[in-house]
Amino acid sequence: MPANMMENEAFTAFIFYGTLLVLKMYAVAIITGQVRLRKKAFANPEDALRRGGLQYHREDPDVERCLRAHRNDMENIYPFLFLGAVYSLLEPNPAVARIHFLVFFCGRITHTAAYLLKLRAPTRSVSYSIAQLPCFSMAAQILFGVIRHWC
Amino acid sequence: MPANMMENEAFTAFIFYGTLLVLKMYAVAIITGQVRLRKKAFANPEDALRRGGLQYHREDPDVERCLRAHRNDMENIYPFLFLGAVYSLLEPNPAVARIHFLVFFCGRITHTAAYLLKLRAPTRSVSYSIAQLPCFSMAAQILFGVIRHWC
Amino acid sequence: MPANMMENEAFTAFIFYGTLLVLKMYAVAIITGQVRLRKKAFANPEDALRRGGLQYHREDPDVERCLRAHRNDMENIYPFLFLGAVYSLLEPNPAVARIHFLVFFCGRITHTAAYLLKLRAPTRSVSYSIAQLPCFSMAAQILFGVIRHWC
């Protein structure tokens, strides 16, 4: 690895958690496919035809749930990949940075578990809110860093 | 901030507008939640149960509108975060770069306002198209930069 | 272009294919708009009103298909933009890196063609799976790189 990037401890921690979260999203996609096969509910007629007939071209509440979990990941994990990268470039205190990433990581893992396992409300929305805290913190630090640089 | 990155004025402007747009997306998510509570329309039965009963596990046109606005942001703001970062690395003229980012930023803010406030067509689609112009320009400059480097 | 970034041949190949894939996603968005106009199926009442009346505020299977293709791109191309960038920073063998990006690129182009042209199953899901292989490979190399750095 190029010394300059890996010397930045915050950046190293960021790419570690960011990659794990991308893999977690891939896992949700794979689970969605498994649920489609198990419940025989396909979004495309060509898939249904291959799996028994057009009657399986239909919606299913468990498939919809997986799709909502995946969509929520796209709404939140992708912005983290941007904010976390830029925040790491600000050379934050590595321990503080690691706490930011870890809180987000745990919040999003819990969010997915709460979604797919249908945990009682408000488990899912509390996980979502906790994961947003480091994101707002990173966004604020980025904006202050830029404004300070401009002044 | 590391001198090398912040010396790049285009990059500094990019992370400023990029972060503001991510915060704008978070605002749409928060508004969606508020509309769900106000209209009593929840995507998950466990949320509906907590808010009065399963009859509130239902769709609502205003919630759907928020979801479409958010989705359109994902379709357009995320690619900007990629194109803008790479374009900034090409060391463009800082003033020209700032115009690219500002046009995109204003286009997307107007797009969200037009969507959520149900402004008359074609306000929303015109905002969308204007915001795409700097994206196509950045994509073209990236491709030309790479091809020139390869030749 | 800054010498340091462009000297990294893997990174140059990455931004080339990444930008082409973003343009491909824009093409899907444009096709969606054309299908909406041709089939007269608009997601928003204000658009329908401008195009002939509220009866055209409706869903259409071909529009839904475009939306699913676009969503699948968001689920897969955005993570590639993260993984590919970080993987390139690991200074991989340029030829090996180029194969990773090319497999992903061809897989996603085929995926979109299979989706929009309604090719027989399992063309679409095979393309999706092939495109995931370099992503899992890059994710594994990133994680091993970080862990090796930590040990």
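To keep things simple, chains are lettered A, B and C as they appear, and every chain counts its residues starting from 1.
Going forward, a contact is a pair of C-beta atoms (placed from the backbone, for glycine too) under 8 Å apart; a residue touches a chain by one contact, two chains touch by 3 or more.
These numbers come from a predicted model, not from an experiment.
Peer 1: So if I superpose chain B on chain C by CA, what angle comes out, to the nearest 5°?
Peer 2: The C-alpha superposition of chain B onto chain C needs 120 degrees.
Peer 1: Chain A-chain C contact: same residues or different, taking over half shared as same?
Peer 2: different
Peer 1: CA centre of chain A versus CA centre of chain C: separation in Å?
Peer 2: Each chain's C-alpha centroid was found; their separation is 17 Å.
Peer 1: Enumerate the residues of chain C that touch no fewer than two other chains.
Peer 2: Each of 74, 78 in chain C touches at least two other chains.
Peer 1: Would you tell me which residues of chain B are touching chain C in their complex?
Peer 2: Touch list, chain B to chain C: 65, 68, 74-75, 78-79, 82-83, 86, 89-91, 118-122, 124-125, 132, 135-136, 139, 142-143, 145-146, 149-150.
Peer 1: Please output the residues of chain A touching chain C within their complex, sorted ascending.
Peer 2: 1-2, 5-6, 12, 15-16, 18-20, 22-23, 25-26, 29, 43-44, 46-47, 49-50, 70, 74, 78, 81
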